[in-house]
Amino acid sequence: MNLFRRFKQGNLPLGRIEAFSDGIFSVAATLLVLDLKEISLPENPTAANLWHALVLQLPKFLSWLISFIIVAKFWLNHHHVLRLAKNADYGMVWLNSIFLMFQSLVPFPTALMGEHPNNPLAVGLFGVVMAFNTLLFMLLYSYILRNLLDPEMAGAEDPHVISKSFIGPLSYLVGAGVAWINPDFSFVVYLITPLFFITPVHRKQNCSPSNH
Amino acid sequence: MNLFRRFKQGNLPLGRIEAFSDGIFSVAATLLVLDLKEISLPENPTAANLWHALVLQLPKFLSWLISFIIVAKFWLNHHHVLRLAKNADYGMVWLNSIFLMFQSLVPFPTALMGEHPNNPLAVGLFGVVMAFNTLLFMLLYSYILRNLLDPEMAGAEDPHVISKSFIGPLSYLVGAGVAWINPDFSFVVYLITPLFFITPVHRKQNCSPSNH
Amino acid sequence: MNLFRRFKQGNLPLGRIEAFSDGIFSVAATLLVLDLKEISLPENPTAANLWHALVLQLPKFLSWLISFIIVAKFWLNHHHVLRLAKNADYGMVWLNSIFLMFQSLVPFPTALMGEHPNNPLAVGLFGVVMAFNTLLFMLLYSYILRNLLDPEMAGAEDPHVISKSFIGPLSYLVGAGVAWINPDFSFVVYLITPLFFITPVHRKQNCSPSNH
Amino acid sequence: MNLFRRFKQGNLPLGRIEAFSDGIFSVAATLLVLDLKEISLPENPTAANLWHALVLQLPKFLSWLISFIIVAKFWLNHHHVLRLAKNADYGMVWLNSIFLMFQSLVPFPTALMGEHPNNPLAVGLFGVVMAFNTLLFMLLYSYILRNLLDPEMAGAEDPHVISKSFIGPLSYLVGAGVAWINPDFSFVVYLITPLFFITPVHRKQNCSPSNH
């Protein structure tokens, strides 16, 4: 098909793709702070009033922390994956842009979860969005591995990296499901999930000889 | 004229022009999420309340998605066009800055369309702004082709690329006009239009031999 | 003095200074759109309601346009001036950061002027802030010319560039003063002033032989 | 331990780490202006109304100024420290990301302090957050010195730089404590503290021969 072939064209250098991506990662991560500033206080709050309001905000702080860690984790893995590519084609640019679109969405489910920490839909939606983000990232990852892999980097990659990555969306969806039983558990699941990919996944296997 | 000659001067490297542009593209694209966060809910919403509010927000989500795709499309074409230039002069810097000015405006008509999806003026304005953005981009494009084209890149360009690009603003204006009949059709037109330029337009012609 | 000597140290490459600056320029320029989104409309506005509200917003659109042009003009001149430096010392970093601080302030007087276009203090403050911004930029400019000038770039500089630049703050202050007579005139002055430096000022003199 | 070893892996180039960091620094610094725009005015304010409102905002302006200076100071020291590293490992990436997380938090305590300048908790919290930010930065600094130091840069570093840096968090905490006696003193302490590190700390010692 013609459209399919068009996406295989391009041969773009990676510099501006990284710049656009880093812009969206950093703006999305920094916009998260805007939620924290929406704090309801009486007219001339005493220290006790403010302390009380800050304690009530704890779920917002936790949502902020979880989301920042997740965005930072995606950024690190994105950094890793783009280094595997020797260049970009239009297909990769669009898989990347669609991934970034949902990365820029992160402040929305974060705000919902932080403001309504006992609402199972608000808390569950966060997990669904993060699962979807992870799937989009895996799509970008596998596209690069199959189409754009720099031969020099090929040896370092675990061939099973994509199938192993399914643990990520699965775990987020478990967190989303648990929200209907006890949303507090979801927060724990969401906090633990990014730790699976706290460093790019393939390195552990690849470097296993030197790790023993 | 003296002013005209001044704009032909400069001989600037492209690095910071790309950085400033990528900054505006990525901030504009990420600010779009702020609209989604403005969701009206009762005090302690149930999951059903939230679900209802999210469904009512569907036009906002659609506006967000359309605008992100359009900004990402402009970014990709901008990336393509700047690679054709061997350097920049002040004329190009200002055509670029005026294009970026209206690119940074995108969150405004997006918000209007998302909040008032049945208001023909709100929906129509979106198309007018996008048509204008496309015209500004074409102006930048043709300026680079005529004045700053890197000789090494010249062969790859379709000489009719600018005239072919008029389909873009035309289509957006059709979408804007249709808003006065049925705004839902406009959403469809706005969603389809960026697909014409989902990959830089000239490549198809340029590479046609290898495409058959 | 010890502090003075500390500021002469550093020998920093310019890359990250440009990146930090471009970040602030592009975020400040893009945040300007947030004002436009604050539009007061009835519950379910008709096209006529929206049209009326948009017409009332004209001073906001004009303020947005003026500020974007001014930020883009500062960015271009900043680009020009940093190219004159062979590297940076801590003194330049801080003059740059203080300039950027007041550059990042631009959305504030822009919002005041756009919302209160008939208030002489709101309109006048815009001119005062822009005059101050220009003075800070001139300070950075002259510091680079005297301390960090790349010998290869030295010949291209007009030695009187700084004294000629005083026309900028002067013109902004005239605009600010005129606000107490008729704020509409101030908008005109603010629109014209950046045109003096629409291209870096020294080039005209430098290149005068080839301009005749 | 396996996790520990994973963090020692990576061997990442610094370019994108700097880009992500500069993005967060510049967005956080520029978002500070949003507080200033939240100014309460009567319907059609006179110049006197606006003047009065601006004077009441003085603590907000001061908070904005202090925070911008602090972010710019962190950025400069971050620039300095990353130049000492020959590359990055995953441990450094995460220390950097956690530092950036709390850097992106700066607009929150800044807004609280600016809006409630007489509330000892609001003013004290600012100092606690800044002390914590400085500690996180020192952690990143010492990690780089111990693990990633570029041999060419090693000689320029004061071996006591980390222990000398404790003056920073200490001073912020003094400012936080003083808020319970007189919050005005805290503003003074917060304004003075970044001046200790207005230039990267080690240079003074390193270059002492040429300073006499």
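By letter and in written order, the chains are A, B, C and D; residue numbering begins at 1 in each of them.
The rule is short, and it goes like this: a residue touches a chain if its C-beta (ideal position, glycine included) is under 8 Å from a C-beta of that chain, and two chains touch if they have at least 3 such contacts.
As the structure is a computational prediction, the values presented were derived from the model and not from experiment.
Ignoring subunit B while keeping the rest fixed, chain connectivity by touch leaves one piece. In a homomeric contact, the two copies may use the same or different surfaces; for subunit B and subunit C, under half of the interface residue numbers are shared, pointing to different surfaces.
Averaged C-alpha coordinates give centres for subunit A and subunit C that are 36 Å from one another.
Between the Cα centres of subunit A and subunit D there is a gap of 25 Å. For subunit A, the set of residues that touch two or more other chains comprises 19, 22-23, 27, 31, 34. Subunit C makes touch with subunit D in their complex at residues 2, 5-7, 9-10, 12, 15-17, 19-20, 22-24, 27-28, 31, 34-35, 90, 93-94, 97, 100-101, 104-108, 111-112, 116, 119-122.
The residues of subunit A lying in touch with subunit D in their complex are 18-19, 22-23, 25-27, 29-34, 36-37, 39, 41, 45-47, 50-51, 54, 64-65, 68-69, 72, 75-76, 79-80, 83, 198-200, 203-204, 207, 211.
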